[in-house]
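There's a structure below that I have some questions on.
Chain naming follows the written order as A, B, C and D, and within any one chain the residues start at number 1.
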């Protein structure tokens, strides 16, 4: 279904080449100051045409709030936000009408629905994430009231892991990396691959600063489980790990275990190996996890595939594609993280007995 | 909450050292033949004391179906299944009452609830997975009617990846590995680590054979997102990747992309790199994914930690623990997979227009 | 929350005096022919200004489908439909800013949210039912494929019950009554009350023709329970009864019981006293129920009330109000009925074992 | 499905003639004192054999809490409570195996599921309400902490409405009426009808004392809508009305409207005509509503019906049946009310911005 969340919910609608993209945000508490700019700022982080590292398509992606706000504040009513689609070159996709693009959703959609909106992927397009980013922007306003901050950056590009982390550099470079010299090296890599008509992937790290202890539930709705679902629901995402993740599986228990220590009366662990969550519930330490993003499936290089008649065909995908989608996925993953957190904050408040 | 699923749902209850563990399975179609043996067989795969590779605790874990079955068939009513707790050495845990065990949920539970059932971890104990396995066993009966099979095995143990796969060997060895010579090597590794009072982790691979195309939804409820949530909700799981997962993030698009080919009229891909799911929807190819399992947190080796007063203490965890939890997690992950699949099968049936 | 339904869901948004009203319809099967006219026709049944029996406000209430349809058919994507608000006399409400109107939601909204959009009731306005009617119109298209028909009419007006039922007359009179002579009598009553600046209520009867047996669930989600919730969620509705309803409570069991009879091999009852549902599950007979609608709360007659400071004030509500809301509530109740039915049809399909 | 509630949830299981009835209560806050007696006291109010006004079947209906409580307090874990079925005369039902009892669920269950547990109605039996009453008992403990009280009584018996209300008399008479002289008259009526082998119905009134303002939601989840669903989901219930309900539909607006008045600074209405809820949200005044209960369908008097072959048959239902189910339905309706209220209390807490 197209709704995410239990108490703080978003409902997403709109197709890549339809009239508009939209989101309905439900469950937002009243009396929160909210304006178009909060949402537009987040949208601008994901919009195309930001730099040579993203597709050159120009879309202004301007949002309009059509309900839920009265005199600059939320009223408790559902907040609907719309973005008109402006730069729809449906004709670009005419030659794709009968072709199943490799690693795209064309074939599986057709099998499920028996009908396919071939124009830009329809509902499977990355444009759908506009709705998520707008919902996430509202969630972020709520998190600010709790002094919780979410930071995402590219931890790996094209197979190279980068160890240095300078969070202040993230919004200063188009790849959203956290280190200047790493960025320069990665930039050269991306440019070279772009020139070949090819693409790259990477790994995103998300950090949640200052989360309260107690978020999440012990069994099915473990906080990391809901974060995993939210992140894995983003197109191009192929993996998720919390804290030291896969590398923990290669260690002995005595090495993997992370001792509790008392830091000025506050309970902490030595290295936050479990990513700020134990038994599905946040410990109060920073939460961190990583997400694998595959390279952009739409590339200019010729590919082989099959058409709707089952015939082998050669395919050259025209149009303007992202040489790497990682920098534009980061605000989407931040949004998904914010949505999960606010939902759990509200769930936790509901069961608290103060 | 303690309920998972939309149409096919399980509700789990019971604590490690309480009277019993139980599950209520709701949404099961009527007229399906179901008996205690179907469920007991799956339970036996996860029960302790199976081999020297698992804890030596002896628990018979015998199930009783108390509702939902009439004359050997499901009636459409909720199916409740109970397992009495028999081997409860609560005293074993008395000395842990005021201690936060490293990498356990003790501290986060206490922060969330302000109360803690210290006996064996209470609700955070691995015993809770009994409920999941019983629910999954019923789901597997439904999958059998669709000729869908789920196979799990240990792909990596203690950091070593094993390439050979002989599925017929899996149920013939206590580590649930898929290759005899790999098993011998891993067995020696586990035994050595066990002798040190330490533990190991590993990576589980799950394969879904013969799934129909069309399961999953395009946006938030992508099939891999629901599988990720289900797997990440199992204790000790730290990571999830679908298909080639994290390794795809290191490739170029031209290498990562997986061409469609026509195989005797059936649409397939060259290497099933995306794990049988594209755009959140199953393609009809086999589904496969991997799950990272950390080493057992309870080890005999002395550890440092903190008690409820914030004082540093030395900890030696007594009792009988699993040197590696991977083989017992596999039936749990198979159960979670079955639960997600049946739920999506039913969702897909609901919206189909035949 | 602003979402209704499990598998077939609508999410409603928009305020009376905001930019627009909207609905997102999720879960609609693909390949169903759907156009704007299907929806507009239902909207026209509820719109103001239809006759002297409704408010004289003129609002065109023209809908626009902005997603979910491709080449005239549903695609399985969420269907968003918008109606711009055109006739917003917010100034009409300026004098109501600090007053709690009797039998309106002003006071309870203010207590809940600490903020109040006083312009036309904001989210509590009857205009919100535009979203429901649009969602219901899509549901009706699905019901048509199953040859299920929903008919609503005014069974009582201003306290008088009317016994004759000629369904063909319903859409021929502005009170949506089912008998011509009854209509004439009721019309005179409404006109007299309107001239006094007062209002009337009534009882609506809804009939579902040709429903399949087996809809509904045995315990909490009894079909009549979901119908009751759906109807009671409509503003001005104060009561619900299924079949002979309240009058059954006054009978002896031997009179109330309704014998099964075999009618050419088909199982029926003598008088369908239970309204086509037994044990929460439809029997296959027509379903019928009644809904009590209170008189329009907004009347021109002077009233006494209290303002936000707690001071007693005299109130004269200006503007153009419905002398009786019953005829305009009928299409809303039909829509709610259609939404519940389609959701249960899909639920039932999901658990069926063919 | 067999789960009710969003944040405070119960899952019900068990058949009339199976091993046991049970409930899983999820979402209960931690650190609430809870013992078996709280639950047993409520169960005792609904158990059979209380008086000559109820069935003479003897069932002890003794509950056992099997999870969720540690040292006398809730832990936040799901609370499972079981009641063994002790007095199962399945043979009593052998002659009903192939007969569809009038106004029972036999036929509709069979049509839905294609299988039927004929022993005592299986899942459609009134015994299922044991699960509801146990869940409601836990909800009532939470309500007590908020000083909210729920009182139910028989407002009408066998068609006669009783005007006097003395709440202190309710638990002193087996019909749960609120006036001694009314009780005497009604008792004679029930005894006469019982002697005929027949049964009676009635109308229950529920009052919620001291509810907070702000419970409920403006659109689909209006508080009265959720109360209606909860009550209509109880077997034998045929109607629901909030406040003055159906009688409001017969009044003019000027009579129906209920002016706000200021009572020592507190906002009240003149007569609480709308039942303590306006626009779906509680006003802070007492909430009251009425529920129509049909006469017990199982009567000793001979009846005509049809068997599974479609043949007309004469039916005499043996066994020991309630001459009037109203007094035993009252604790069930109180339980349903408590469940809805606690759920809404928690929902409201979640969105509050303090």
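The definition used in the following text is that contacts are C-beta pairs under 8 Å (C-beta built on N, C-alpha and C of every residue); 3 or more make two chains touch, one makes a residue touch a chain.
Not measured: the values here are computed from a predicted model.
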TODO: Tell me which of A-B and A-C has more C-beta pairs in contact.
DONE: A-B
Open item on the list: Please identify the chain with the largest separation between its CA centroid and the CA centroid of chain D.
Closed with: A
Open item on the list: Counting only Cα atoms for the centres, state how far chain A is from chain B in Å.
Closed with: 26
Open item on the list: Could you work out how far the Cα centre of chain B sits from that of chain C, in whole Å?
Closed with: 46
Task: For chain A paired with chain C, centre-to-centre distance based on mean C-alpha positions, whole Å - done: 39
- [ ] Give the residues of chain C that touch two or more other chains, as numbers and ranges in rising order.
- [x] 1-3, 12, 27, 30-31, 76-77, 112, 114, 123, 218, 353
TODO: Write out the stretch or stretches of chain A touching chain B in their complex.
DONE: 1-4, 12, 100, 102-105, 107-109, 111-112, 114, 123-124, 128, 156, 158-159, 193, 198-203, 213-214, 216-222, 224-226, 228-230, 232-233, 235, 238-246, 248-254, 256-262, 265, 267, 269, 273-274, 277-284, 292-299, 301, 303-306, 310-312, 348, 353
TODO: Spell out the residues on chain C that touch chain B in their complex, using ranges where they run on.
DONE: 6-7, 27, 29-32, 76-77, 218, 346-347, 349-353
Open item on the list: Give the list of chain B residues in touch with chain D in this complex.
Closed with: 1-3, 9, 11-15, 18-20, 22, 24, 26-27, 30-31, 64, 66-68, 70, 73, 75-80, 112-117, 122-123
